[in-house]
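Look for chain A in each of the two complexes below; its partner is chain B in the first and chain C in the second.
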Partner chain A sequence: MSAAPAAASAASAGRRQYDLGFARWVYQHVEGGDKVAMCMQCGMCSGSCPIGTAMDHGPRKLFMMIRAGMKEAVLTSNTIWNCTQCYNCVVRCPRKVPVTAILQSLATVAVKEGYAPTQSTPKFSKAFWLSVARFGRTDERLVTALYYFSHGLKEGIRRALENLPIALRMIKAGRMHLGLPHRAKGAADLRAILAKAEDIERAERAGGKPS
Partner chain B sequence: MAGEAAESQTVLVVGGGIAGITAAVEVIETGYDVVLVEKSPTLGGRVAQLNRYFPKLCHPTCGLEINYQRLRSNPRIRVLTMATVAAVSGSRGRFGVTIETRPRHVNANCTACGDCAKAATTRVPNAYNYGLDTVPAAHLPHAMAYPMRYVLAPEVIGTPEADAIRAACKYGAIDLEEKPRRFDLAVGAIVWAAGWKPYDAAKLQSYGHGRVPNVINNVEMERLAAFTGPTGGKILRPSDGKPAKRVALIQCAGSRDHNHLPYCSRICCLGSLKHAAYVREQYADGQVDIYYIDIRAHDKLEAFYRRVAADPQVRFVKSKPASITADDAGNPVLHGEDTVSREIYDRPYDLVVLATGMEPSLAGALPAKLAVDDYGFLVPELDPGSGMFAAGVAQGPLDVSMSVQSATAAALKAIQAIRGAGGHAAAGRA
Partner chain C sequence: MSDPKAGAKTYTYYPGCSSQASAIHLDKSLRAVAPKLGIALEEIEDWNCCGASVGHVEGGALPQTALSGRNLAKARQQGSHDVLTACAACYLNTHGVNEKIKQDVRTRARVNQALGAADLKYDGDLNVRHACEVLVNDVGLERIKGQVVNPLKGLKVAGYVGCQTVRPFAATQSGGEYDTYDQPEFLDNFAEACGAEAVAYDPKTSCCGGSVSVHSPDKTLHLIKQIVEAAVEAGADVIATPCPLCQQNVEMYQDAINKKFGTSFNLPVVFYSQLMAVAFGMDAKADAALDANMIAPVKLVELAKKAAG
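Up next is the complex of A and B:
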């Protein structure tokens, strides 16, 4: 988002921020972002969303905000984080807008842009990613532990203790194992692939693309 | 082929709706012969199934009746009902057309006295009312039928009931032996006017048509409001016959939707405005909510929109509803997002009407090599030298007045095609 104007002064004056290049940037850099231009603001997506009332804007309004250039408001919106990826909206959208992919990709962009989301969804995503990238698999214990302790030591201990009885019952029932995390067969290959992908991404960013 | 004598100067018109009737009338009154082929037992098409026409809300008899008069008094027309075109060969001026007919089992002796209907005990779904009620196996297609002649449902053929029906007719009009026929005609030009069918509302899965009680489509609404419909013209909800006073009309139900019909059917907005007027005429305390993406009342029809919109008991909600469920009282409940207020709503109604669009009748079943657009509508100016033309909704979503205009244009082109084929001498002879 190279063209993003300095936010501080206007934001402190309580005015809305408009970045007129934002829509174009989204069309080019967000997965499925070009399809935002297809949206006809019918409301089918937000009306179909099972957690529609738990979203500040919902997909339809968010897409209008993108087109209006409301970068700050879009990237700090809880809509991009609260999506459960149920795909209700995608199957019903009359314009075939890939709503779910766009929301997900916007969340990734928001993190890269340094927007700190207020909810814990990204913490869980990070824990999930760590396990998958390292072992090629999700390990329930690792993911939950990482997630719990990402809220701080005290909160981590509290949540761990709270869930201990469940964990014990799962172990007893053979639903959770003790010992090292399971590994996928090609975990090492996967790590190499991811490293290569990161290289490419870094090179692209250095190549003058908007960060 | 210019200058060559046409082997036939007859024009074949396929489809006896308002477009086909108009094209036929225009051609015969110019002095050429027409064979009008209609699939159902009567002319009139979908217009005969409307309660009233927008924008003036006049009755469909006006429009149909005058045209029937013009047909009746002219010897140049031959009307074949229960007939379709199975195949077309040849070219302009010399087409060979294969016609197939289904048996009506009632011949021209019929006086429409109705004694056969009294003798019938079996009831069959009433196609005129889109199956919302039933009719006796011997019935008149509808009060505006042309020809004014009864028809026997195939269900009773070969049963003792059929014999009783035959015995009841004083005029010897019942012919139980009539068989399907197949024969060839030579014609010089063809006007395709096979019209449309309503988009299948059951495909709009989350709207529950056929599953959630009191969710109907717009063509059913026309019948509910019509005096000749299943409720004698009272707008009552199908599940319990309660007056439907709180009514939601859903625009673009399956239209402008890449999962269904990608195009706008052009008439459904006006159709729903008309439905709002039907409800408000019947119920002083009625409340109609029109759920829309945008209201498309093109050119002169804007005035009708303004008239309806001025009614404080007609509300416009900018929202494409997401789904419809049933509550315990049998009310359909609309769920969605109001895109102006961003309210996520759950609203119960007495009746919900889905404004479904028009799909071309011939889509996927073309009896000849015809150019169609991406949506299955015929390209109006089929190859100009081809001698084949399209009229009415067969060529695209049109209202009645535009269908009539396109039919007049097609009639003119058809005449030019047969005259061109025969040279000017032919015109002189005519």
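Up next is the complex of A and C:
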């Protein structure tokens, strides 16, 4: 994935809101992005969406905005963050647009380009990925703690206290792992694989062909 | 007694991270009932996380894909048995990546390039299957019924399937065409095979909010409320589900829902495999793991006791 067209990058916001290069860029670089051109704006996706009321635009409108080149509005939209990945839209779309994959890929782009500093999902993902990349497995305690405290110390303590009753019940039910995090024995191997995968993507973003 | 492994089919088992913590009761009960159903589970040695529904945001698309790539490469080293997983998110990722590796040459090449960093490779010659699909297509309801020695008489079950167990793969060829996306029947069939009564329940495949519920429940409590409310209205004693995240969200947020909406929900949420373990006359704790439910499934515990007593 090469970098999104610079003409409409975060830095030059306000100068230009419509960048038709953005649509072409999405078609070529976002997973399933070429299918955005297939969308017939029927609204089946947004109408099937369980969390549609919490979305500023919903997938149908977002796809129209991509085609109109509204990069800023697309990458700052909460539609890409509120998707629960229920796949209602995907199985119902008459044009077989892979809606969920497109939203996921846009989320990755938004983070890489610095559009989502205050969203919950990237914070949560950061905590999650730290556990996965370090141990090869998700430690739910660690992820939760890191996520809570990514909001700052005070907010972290508030959230931890608010969720303490649930945590205690999970411990009582034997469903919170206590002790050191579980880890995959081959966690070092996994880290090498992930590092290589990152290299490949970085090289592709830079426009070069990975070796 | 005859060899319990006789006539058993071997699957390479991918338990996933939730099997070691929040969904320990799914893993435990599934491992308990599997041999009775002719399923031999051989765990992937040294498996890693699948990346769940959020890994791509921080990790990136290819690293997220490579997580499943490594699991598949490890599974292949152990043989060519079908890979079985019971977790909806694990299935979504592992099956999805597997199909992509099979169909898309570029993905296969990129994943293998990454796997090469640990001297692993994977060519896409395995099948990845959901436990429920295996129960429907390989085991069959008759074999499940045949194991029932303690029918769950009088237990009213609301079958809550959730999203990713059926969407987007249940009706595809690679997904085994085992049920529909909107009105799946397999879960009700499992409950009835166990002798329980499957109540009419509309929000079968409504969304619990998934990982959005985990980090931002304010946005999704109303979704979970509808799921519990419909089960209460249908007179259910328990909600049954196949999905670890559904089980956790629908169970642990009932207090928060009561607080926010003035309801008084306290409805147990169990896995289908826990129903089976009790119906097969197995131990309430060691096999059915009923002590792992935050909201005690009282009626199911009583049924288990009756069988043991």
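Everything below uses one rule, namely that the second predicted complex is superposed on the first by the 185 of 211 C-alpha atoms of A that agree within 3 Å, B and C clash if a C-alpha of one lies under 4 Å from a C-alpha of the other, contacts with A are read in each partner's own complex, and residues count from 1 in each chain.
Note that in this section contacts are C-beta pairs under 8 Å (C-beta built on N, C-alpha and C of every residue); 3 or more make two chains touch, one makes a residue touch a chain.
Only a predicted model underlies this, so the values are computations on that prediction, with no experimental measurement involved.
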item: Chain A: partner with more touched residues, chain B or chain C; value: C
item: First, second, both or neither for A:A160, with chain B first and chain C second; value: neither
item: Which superposed partner A:M44 touches (first chain B, second chain C, both, neither); value: first
item: Which of chain B and chain C A:G52 touches, first, second, both or neither; value: first
item: Partner chain in contact with A:K96 - chain B first, chain C second, else both or neither; value: first
item: Which of chain B and chain C A:L194 touches, first, second, both or neither; value: second
item: Overlap of the chain B and chain C footprints on chain A, listed as residue numbers; value: 91
item: Contacting residues of chain C [partner chain A, same complex]; value: 17-18, 20-25, 46-49, 51-63, 65-67, 69-70, 92, 110, 113-118, 120, 163-164, 167-168, 171, 181, 206-207, 209-216, 219-220, 223, 252, 255, 291-294
item: List of chain A residues in touch with chain B within their complex; value: 40-44, 46-48, 52-53, 57-58, 60-61, 91-92, 94-96
item: Complex interface listing, chain B residues touching chain A; value: 206, 252, 256-260, 293, 318-323, 335-339, 342, 344
item: For the chain A and chain C complex, residues of the former touching the latter; value: 1, 31, 50-51, 54, 82-88, 90-91, 100, 104-105, 107-108, 111-112, 120-126, 128-129, 131-133, 136-140, 147, 165-166, 169-170, 172-177, 182, 184-187, 189-190, 192-198, 200-201, 210
